[in-house]
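Chain lettering (A, B, C and D) follows the sequence in which the chains are written, and residue indices restart at 1 in each chain.
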């Protein structure tokens, strides 16, 4: 019973996303999407780095393709975006990851980004672009990053992917180094410290929407329509079950098993 | 205390104090020494541990005649084509397999863990229990509904949605504040353990 | 571009894998379950085979610093290479299980040296918690006031002395944790669920190429 | 003043270190309020006295969290040992280093209390699997999950295990883990044995993970060092380390509150100044 229910929900939700993509990709009706200040802050940060001659940093603090696959993969998409922007602006950049598997993807993505902007010679110059593995995310990565932020003259730092228990550590090490910091956090664990210590934060669903927004691709924007439809459906389900439980007195457990 | 134990503890204490010098002074050669030691050491240690696990997962089954362990090893080794200019495109295949397995496993559990359970726990009767229970249930439902509605993108936050988004922001800030206060206890117990190590185990003061 | 270098073969692989995993999850008890467990094992093995990439990256960086005589760093890079070499040699030469057996060099290094990285993180966090309380948690408007309000009451709930000052502190703190906190966590988890679904949809139509090491 | 403004962070760091350390030299013995949760935990164990039943403690403790888990584990286990005619069965799951840590804790405890291994308490075989499957195996067939105890003695030769065949033969089940595994007890064990009394032990930071289950699955829980200190105060145990550390923690929290309030006053003054200026 539980499996049928979750599959039905899964199918309905996927159909909603498909409908959203159909509307934008086939019909060509582009949605109006409210602005996310943190995304604009990335551009601002790269501009700031250009002015001061300092570096841009993009980090994936707790990359893990086994446990936090969606968060890590999203972070790597954003890494490609930042790499492209940095390549275009010609800003020196530092990319750090915390798992060997993510490192393989990160190196490929950054190289492609620089190639597509015609700046392959920048990529091959370690003074300009450096993709570094700083050890596993639980211990070595945050400590090494705290040092790097002060040593490498980093003007802007963007972090994404799963973070977990070291959130306060990372946020305060950015403050200590006077670095402009943006956190794109597609998770919920310790998000409160991110909100308190980072300059700009995108959390949970906003981060996933940002992954679509940066591309300006029609189908990707359609997925945001789908995501809104899912949110409204969830709200409707909560209200309906609340009414059933309160007015008719049938507990929700009767309908939703699992 | 014997001298060898003291020297051993000194090594650990030097590492901790190296990182503390980062915040009491600024980045300096001592903190850099600590950084290089931790990064190099932990990565090498993890590599050794992982390769020995690989023996468990690959060599032992292979000895027992299980040939299914060969394809992943070959796929994994394809990753090292990233160091070749000509055949670099091959790494797409191992990456596709690794990423998709991780993503699909997360995806499968989403409807149950992130929707069904959450809806079920939120939709509790608003009419039973004491007045306080009812008030709590109502607050809970309102908070969940407004925060979910805050995370919609195709409409600007004005009018009714604007009011609900504002309420959602209030709930979120209240909750985040509460979360921060909660962590203080864990953090200070851990700091106390560090200070105990430095003062008792290393210097023998306590 | 040759077809085998395009994204489509990769997508076919992705579709096959997601079909196997979703099928065995939603319809348990078929032979897909075996395929599922094989895939999970594959993922572990591949992850382990890839591990050396990280070590190579660090070694390349250190060697580069030594070659360039990076000021203030190159002798540390030599030290790092030395540590890596000692750890690896001891780990492989002293046999399987050496990382966890007391008496080996690698175990000694880990339990007396590397392990203190954990304590260093704890220490810095303990100090930074209070500077964050001083600098970051400031009420500028109603939202940030609520943040400070929440922090204040849960702090007094946890402090052993809080309940003695006024019995109401722990009660309010407890309420904050058990109603608004849980509610917001739930809503955010729903949001993450939505996000993962949309991400997966984009992934499986070949729009999220970063996972394959490609960019738009 | 200029010096203070420039070095405000360093001053806070030093104050912070002093607040946590000073109580080791000058014990303040600040009073502690005993919370209802601690009392509930205490009463639950107390009600077992004289029943002859056993307490099952399932634990999975990675060494990084031992510093915090030690005090709560110590308090609970010491209480169980002090109760008359109550036996203790320990089961280590998932995190292997926890075995050595808990063993050293037991060594501290049983010597002065004159308890015998195999009769009054026992630690069963280590289950290396993840927590969920391990709990499921125990729930389905408790006896068959274990062939031996941790020392390799066959389980049938242990006098303590004579009357224990299923989970129902235990009086209380205590689940001790730092944080994340708590939901698996609620999902796996609770539906199969809903009438059993469950208690939780975790870190202070792990409270989030047990909060949804307190009251319905878990009868009570102990989290964090302060509750360990409260517990010690409750039954007048001879052990003072938690108590002593609690003084430091109280001071640290007071300092935290002070920083919060001070920071807000300064921030408020800045806002007022800005408004006055413009």
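Definition applied: a residue touches a chain if its C-beta (ideal position, glycine included) is under 8 Å from a C-beta of that chain, and two chains touch if they have at least 3 such contacts.
As the structure is a prediction and not an experimental result, all values here were calculated from the model.
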C-D or B-C - the one linked by more C-beta pairs in contact: B-C
Most distant chain from chain B, judged by the mean position of its C-alpha atoms: D
Identifier of the chain whose CA centre is least distant from the whole-structure CA centre: B
Centroid distance [mean C-alpha coordinates] between chain D and chain A, Å: 35
Centroid spacing, where centroids are CA-atom means, of chain B and chain C in whole angstrom: 4
Chain B and chain D: spacing of chain centres that average the CA atoms, whole Å: 22
In chain C, residues with contacts to at least two other chains: 22, 25-26, 43-44, 47, 50-54, 58, 117-118, 120, 124-129, 131, 135, 137, 147-148, 151-152, 155, 158, 177-178, 181-182, 185, 188-192, 194, 196-197, 199-200, 203, 211, 213-214
Chain D: positions in contact with at least two other chains: 9, 13, 16-17, 20, 204-205, 207-208, 212, 224, 226, 249, 253, 256
Of all residues in chain A, the ones touching two or more other chains: 6-7, 10, 13, 65-66, 70, 73, 101, 104-105, 108, 133, 135, 139-140, 143, 146, 168, 176, 191, 193, 195-196, 204-205, 209, 224, 227, 231, 234
Contact graph of the chains (line, ring, star, complete, other): other
Pairs of chains in contact (touch as defined earlier), listed by label: A-B, A-C, B-C, B-D, C-D
In the complex with chain C, residue positions of chain A that touch it: 3-4, 6-7, 10, 13-14, 17-18, 21, 65-66, 70, 73-74, 76-77, 79-80, 83-84, 99-101, 103-105, 108-109, 112-113, 116, 126, 130-133, 135, 138-140, 142-143, 146, 166, 168-169, 171-173, 175-176, 186-188, 191, 193, 195-197, 203-205, 207-209, 211-212, 215, 217, 219-220, 223-224, 226-227, 230-231, 234
Interface residues, chain D side, partner chain C - complex: 8-9, 12-13, 15-17, 20, 30-33, 35, 64, 204, 207-208, 211-212, 224, 226, 229-230, 246, 249-250, 253-257, 259-260, 262-264, 267-268, 271
Complex contacts: residues of chain C adjacent to chain A: 22, 25-28, 43-44, 47, 50-54, 57-58, 61, 64, 117-118, 120-121, 124-125, 128-129, 131-132, 135-137, 147, 185, 188-192, 194-203, 205, 207-208, 210-211, 213-216
Complex interface listing, chain B residues touching chain D: 23-24, 121, 179, 182-186, 188-193, 195-196, 199, 206
Interface residues, chain C side, partner chain B - complex: 5, 7, 9-11, 13-14, 17-18, 21-22, 25-26, 38-55, 58, 62, 72-73, 76-77, 79-81, 83-84, 87-88, 91-92, 96-99, 106, 109-110, 112-117, 119-120, 122-129, 137, 142-144, 146-155, 157-158, 173, 175-194, 196-197, 199-200, 203, 211-214
